[in-house]
Structures are given as C-alpha cells and as structure tokens.
Amino acid sequence: MQNSAMNIEDKGGDQLVLHVGPQHPGSGHFRIIVTVDGDYIVGAKPDPGYVHRGAEKMAEYRDYIQNIPHLERPVIIDATGVTLPYVLTAEKIIDVEAPERANYIRMIMAELNRIISHLYWLGIYGIFLGHSTMFMWPMGDRELFIDLAESIGGTRVTFSYVVPGGVRNDMPTNFKERALKTFDYFEKRIEEYKKIFFNNPLMSARTEGIGTLDKKDAIRLGITGSNLRACGIDSDTRKDEPYCLYDNVDFEIPTRKEGDSYARCIVRLEELQQSMNIIKQVLDLIEPGPIKQVIGGVMRGEPGEAFVRTEAARGTMFYHIVSDGEKNPYRVKISVPSFRNLIGMTHLLVGSRLADMPAIYWSLDYWPVEADR
Amino acid sequence: METFEEFVKRILTILFWFLLISPLIIFPVLFLIVPLLGIDVTLVNEILTATIDPFKAIKLADRYGVGPSSTFFKVAAFPGFTFAALIATLTILYERKLMAKAQLRVGPLYAGRFEGILQPIADLFKLLGKELVVPEKADKTFFWAAPILSLGLGAALLTVIPLSPTTYIARSEFSLLIPFAIIGFSPLVVLIAAWASSNKFAFIGGLRALHQLAAYEIPMLLSILGIVVLTGSFDLMEIVEAQKDMWFIFPQFLAAIIFYITILSELERVPFDLPEAETEIVSGWLTEYTGMHFGLLQLGVYVKFYVLALLFTLLFLGGWNGPAFLPPLAWLLIKLFFVITMIIFPRAVLPRLRIDQLIRIGWAWLIALSFINLFIAVIESSLGVI
Amino acid sequence: MPSNLDTENQLVKSLTDQFKNKIKTEYVKHNRIKISTNQDNLKSLATSVKELGFEQVISHGGTDYPDNNVFRIEYHIICVSKKKLRSIMFSIMTEISKDTPEIETLIDIFPSAEFHEQETYENFGITFIGHPRMEKLLLPEDWDDIPPLRKDYTLPGRG
C-alpha cells in the first residue's frame, strides 16, 4: 500500500519521529507526524483525512433542503455556524429572502452556537494544559447554553434550524427572560474562569510567548477567525461584509497584538462576552412578524452560482454553490476555517518544544472533523 | 451452539458432581492423610474455625509467631504493607471525590451505596479482570520486573518510619536517612519501565521522569538538613519528640515549603506530572502497562505518596504529638489526612508545567532557597530556639 | 440593496488596463468581482490581484464540466488588512482541458492556497506544476478509483 505518511522513518542519530494521533489523547481524529530533536520539534507534517466523508460530493446528490442536515454533520459543535452560510448561499440561488424576524432569530442562534463552540474549545484547552477543573467547568456551563438553543431549535446540538426562506419555527415566548438569567449567571462565571485559569501564573507561563504568529505570516498563510484577530487584525466578516442584520447591532471585535497562544485564548474569552451582548441587543430589537417565507414545491435554483462567507465560531466559513437549474446543486464547495488554519499549525510547531504542542495545537481551535468534511 | 438451557444444565451438572465428590476427597485427606504426616487433627479444625472467627485466628497466629506483636505481622499488616496499601487506596478514592467536588461533579457514587465508598474494590476487580498485554518488542524480563519493583520500593520505604512511640516495624538511629536512600532508587524503576516498554512515548516519559527526579532529589535532601541541624539527630523518633513544644513548620517554614514542592514533584503530581502528561506523550512511562501491571505501578506510587505525606507530618507537623484526649496514632492520622489533602489539592487548580521551567525551578530556585534555609537553621540553632 | 460599485469598477479597470483583452470580466456585483482568463495568464493575473491588495486565498476549488470537456478552476481571494477592500471577494477563474489537467501552482504568490490545491489535485486529478506535495491529503492513501469530484465518478448505489 502506498502510504506516503508512513514513508518517514527514524532518521537515526538524535532525531525521533513521533506519530501523534489518530489514537492519542491529544490529537483528535487527526494525525500529526512530528520529528523531535531532543525536546524541540524540527519537523511537523499534518495528516488529516481520518474523518473525510466526501461531504461535497454527497451534497451533489441531495436537494437544497436535504443538504441542510447533511452539511451540518461536519461541524455539529457549531451547527448554525455551518448551516447559516449554506442557507444564505442557497437563498441567493433560489432567490428568496428571509423576513426580518427570521434574520434576528438566526443571529441569536449563530451567537449561541459561537458560545457553545467556544466553551467546548475552552474545556479542551484546559485539559490540554493539564488543568482538569478547566475541563469540567466550561463543559458544565455549556449545557446551559445548549438548553437555551434547544428551546429554540428543538435538539441539543444538531438543530437544522435555519432553512431557505427563514427559520423552521418561532422561538418560545419566555426566551428573553431565560436568556438574560443565563447570561447573568455566566458573566459571573467568566470572572471565576479568569481567577482559576486565565490569571493563573502557571497558565500564562505555559502560553505566553508560545506559538507566536507574526502578523505578516498570519495574513500570508491565510489564518482566519480568532487566530487572526489575536495577531492584531480586526477582521471579522460580521463587520466586513454584514449578513443577516449584523449591521443593526453594535459590538466590538476583540483583538490582541501578541499573536501567541495566550492572546488567542483571551480573544476567545472576550468573544463570549461580545456574543452575549449581541444576543441582548437582538432581544431588544426583535419584533413579532413572520418567520418564514414559504416556498411552494421543490426548490430549484436558476442556473448560476453564488458564494457567501460568514463568521462561524472558528473563523470565516465560505460556501460556493454552482447550480444548473436542477433540484440538486451542481457543485458545492465548502471552505472551512479549520482547513485554512491547518497550514498555520505546521508553521508554528516547527521550532517549538514537544511539551508546547498541545498548547499550540488547540489554541488554533483546529477541529479535525470540520477540516476533513 | 448449545442453547441457554443446555448451558445452565451443564453448569449445574458440574456443580452437582463437584459438591458430591469434594467432601469425598477433602475429608479423607483431612482425617486420614494429615495425621499420617504427623500433624494434629485438632489443628486442622482450628484452622477451619479461625477462618470465620477472628479471635481464634489471632490466638492461632500468636501460637505460630505471626500474631499482632510479631515482626511478621508488623511488616505484613500493621503498620506495614497492608495498612499502607489501605491508606493508598483510600487516598485514590478521596482524591477522586475531592476533585469531583472541586469540579462541580459527583465523582464515584454507586459502588457501596454511600458516596462510592467501595469504588477502590470495584477498581481492583476491574484491573484484575483485564488482560495483561505485553508488547511484542518489549524487554519481557524488565517489563514484568518494573511493577514488582515499584511496589517493592514502596514497601521498603515503610520499614523504619514510626507511627507512634510504640507503633513501628524497626528502629534505627538513621531512620530519617533510610527512606531518602530508598527513594533515590525510584528513577531507576521508572527508567526500567520506560525502557522495557520499547515505546517512544514511554521513552520520552522515562527521560522526563529522570530529569525531574534528579532535579528535585537534591533540594529535598537539603531541606531536611535544617531539621537535622536543629535536633542533632537522624532518628525520626527523636525528631518527633523534639517537637513537643513547637512544630518545626514554624522555625523551618521555608524548608516545609521546599519539601512540599519536592513531594509534588517526586510523586509526579500536578503541576509536575510531566512524565505522565497525557496530552503530550499519551501516558508517559505508563503507556504500555495494562491491567494489574498498571495497578501495581499505581499502588507503588500511592504507597510512596503515603510515605512522603507521613514524613511531612513527622518532620514538620509534630507527628503524633497532640493533646492527650486522643491517642497518638489518631493525631498522626488526622495530620496525615490534612497533608494528603494539601498534596491532592493543586491538581484541582493548576495546569501542568513544562520540563525546562520545572528544571529551572528545581536547580535554580529550590537549591538556592534550601541553602538559605540551612543558614536560618544554623542561626536558630545557635540562638537556641529549639 | 442599493449599492455603489465605485471601488469594484476601479479595481476591474486597473486590471483591464493592464491585461487588455487577455482577461474577461465575468461580472461585477456588489462586493463580488469575477474575472476569467486563460491558463497561461493566470499566474500574472494573480500577481496583479495581489498587488491590488488582496492577500489571502479564502477558497480554491474546481468544477467539472464534462459537456465542454473542461475543468473550471477558481481562486477566491480576500483582503483582511485594508479596511476599504475587506468587503470584496475577488474571484479569478480559468478553464483547463480535461485531456491535459495541468496548471502552474499559485502557492508562491498565495501560500495560503497550498492545502486547497492539494485537495483539488486529489479530487479532480489536476496536477499543479511546482507544488511541493502533490499527494493525497484527505482521501485514503490507497484510493485508486477516478478522482471523486469528477462528474463521471458516481456514488455507489446512487447511480
């Protein structure tokens, strides 16, 4: 069997080749082949593809509605983040537009999903640094936001909630008070997170100055999302090219200049607060109205193409759909943030210490299932 | 394939014939063959009754020199290995419950009806039931030797440490030095386990352990020198007696902190759990060990945990000294519980350090501080504080 | 949405001035520009686009058109550092024949396209000349069927 990755042998001498993953507590469904010389990594070769399902090919065999749950599967942790750009692209092809209330509910769901995804990331980052309490706390608090999202979307994680023309169903009437109660609680918890983890001297000793990404390199390599913002670039698709009704709300883009692992952590922590601010504003702005524009019959697009980008939890999510007028799309191209951040991981790992590998790897919020699609 | 009924029938048949035949074999052996060999039949009866009556068991054991006052009992049961292993397993349970409470979880809950009190036994049976996997390319002799050595090392530490003025296995004038001499072997066990596994992650873990233990053994020894200066003795008995009026944690506060940090490092606990850092090197030197191999290695580590916590109690917290309304042993166990909590607690609040940071702390800070502490001890000794 | 296409038209004009009839403007919409060229001019077009300030390849992919016997290859390029250009996505497109699926790589201009090109290689069988790692990335290493995103590959059981 031709296995390119397996061709790397021990080079002898002081160098040691380690296959980190796919069965490794610190890898996920993904392998990275690192060559270490003493404690330093001298070569890193990522080997994704262990959870590659051919989502793009399979999307060509499903119609526009069937594709929603299908394309949700790669990123169930950020379900709205991955279905929203798809639906926006499909809406351009089918030529429908969602009513105002639906757009607001979409924003609520997208931001809730961003919080859920960031909390999951934070938990895993805690355990990657050996801090088991920081694994348990965010995972527990994440359930509260899952409950909130469940009250709108109906399921815990895979909502399939956003559909072309609007959203599937209206949100419950008591959502506002429930959400505000949860936010009040969680804002106190963020302070506790800071006490035990972010202001912990050992935590900063492990992450400050580790995996520093230069601003120029970040742009050159195509880094996206919070990782890019941690390098001092305030690029956020929600501001750059507002979709839904993000131009109606007022929020900040957290940035840091340092570009190291700690900066990436702090940026994500501040994004949690910003997401809650957005939801609070939306809950004030939202007014009763229709939630869906009903489309009769099978959805068929005009021949043509559309491409849309949105800001998902991990960065800019990009969809390109080509239609030939049939009920199934002719070609669906998904460009996911994890896949684009992967190149940065190779760049950062070479020259760092083996012990810093988890600290760098997960600070990039690389999600193997999303990258493999 | 046999059906379920056939299976049950087969089992019952075997059981029936076993019950029928076994008395036919056992009783002739007991009452015919045993007397022929010159053993008294009443003794056999005594052994059988002793299995259900502890008082008779003690009497019987006394008759053969293995009773509660014998050396064998001291080594094997109390205050020797069984007691240490019991404390070690209880420590594991306590650690899991404490961590769970800190992390807003419940921890072990079901085994034993009350707060998972029987979880260590359930874990033991789980480990016993697991297959012992020995890697094909492992160095078989050393791979098997490492768990036994680990436990043996833990057991050897118990020999000279007293638990109260009357409870000890052996007395020695150098009872302070002997445990530290034995602890010096523990990097060797780790290295044997790591090398024999022939696994790259285990190898890295073993090397890390070696670096770490080398960096921490020296400050550990230097930190207790202050107490030796103050008491002029290497005998733990005398050191504890010298703390009747004041615990050494007050005049030797710096030493207590250094000793506490080195205990964390010696036991490979957070934030110094680098040799087992699971997200970096899987499980470090324990990677290839399964089942009871792993159980023995863990037990060895936790027996060492018990011994070091005990040493901290004896050296700095006045050992068994305390008001007379409780027996000395009770005071010791109360203080021990406190020290064990202190050793477990960093795991709930701290992340892991990196090997270079750890070595810098060991060589650059702790050694310097322990020399300063030695100066303090000399000054205190000349001023006659103790 | 009422929109002002000044910036977009300005960008396109600077390119048409430079390349004259070597490039064809597919469309200019609000925040979207698409320019097609032939295979030989792709690299110089990409260089010019980068000089205009677009610095990241956000997506690169191919589409199979069996009726015309061509692959259509697109690079979608964005800018993240300049406020003025951030909202615009610039697409450059070329068509290559299915008989000789070879094209020069753009990774020396846009390093961010490295893994995208590798993905296009394994999914369409298009070789990128000059790319350092023309090997399987996401597909299994022992995949010996036709590249899966070509239209003549059908999913098993889906006809």
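Letters A, B and C mark the chains as written, and numbering starts fresh at 1 in each.
As a working rule, a contact is a pair of C-beta atoms (placed from the backbone, for glycine too) under 8 Å apart; a residue touches a chain by one contact, two chains touch by 3 or more.
Just so you know, these numbers come straight off a predicted model, no measurement behind them.
S.K.: Quick one: which chains contact chain B and chain C both?
M.R.: For chain B paired with chain C, the chains in contact with each are A, in label order.
S.K.: Need the most distant chain from chain C, centre defined as the mean of C-alpha atoms.
M.R.: The most distant chain relative to chain C turns out to be B.
S.K.: Find the geometric centre of each of chain B and chain C from their Cα atoms only, then give the gap between the two centres in Å, rounded to an integer.
M.R.: 64
S.K.: So, what's the distance in Å between the C-alpha centres of chain B and chain A?
M.R.: Centre-to-centre distance between chain A and chain B: 45 Å.
S.K.: Using CA atom averages as chain centres, what separation in Å is found between chain A and chain C?
M.R.: 24
S.K.: Can you list every residue of chain C that touches 2 or more other chains, as numbers and ranges?
M.R.: In chain C, nothing touches at least two other chains.
S.K.: Which of the residues in chain A come into contact with chain B in the complex?
M.R.: Residues of chain A touching chain B: 16, 18, 24-26, 39, 126-137, 140, 196-197, 200, 202-203, 205-206, 353-358.
S.K.: Please name which positions on chain B make contact with chain A in the complex.
M.R.: Counting only chain B, the residues touching chain A are 99, 102-105, 200-201, 204, 270-271, 273-274, 277-282, 347-357.
S.K.: Any idea which chain A residues touch chain C in the complex?
M.R.: Touch residues, chain A against chain C: 1-5, 48-49, 52, 54, 56-58, 61, 219-222, 224, 228, 233, 235, 240-241, 307, 309, 316, 318, 320, 322, 330-331, 333, 335, 339-340, 342-343, 372-373.
S.K.: Using the touch rule from the top, collect the residues of chain C that touch chain A in their complex.
M.R.: Residues of chain C touching chain A: 31-32, 55-61, 63-64, 74, 76, 78, 80-81, 86-87, 89, 91, 110-116, 123, 135-142, 148-149, 153, 155, 158.
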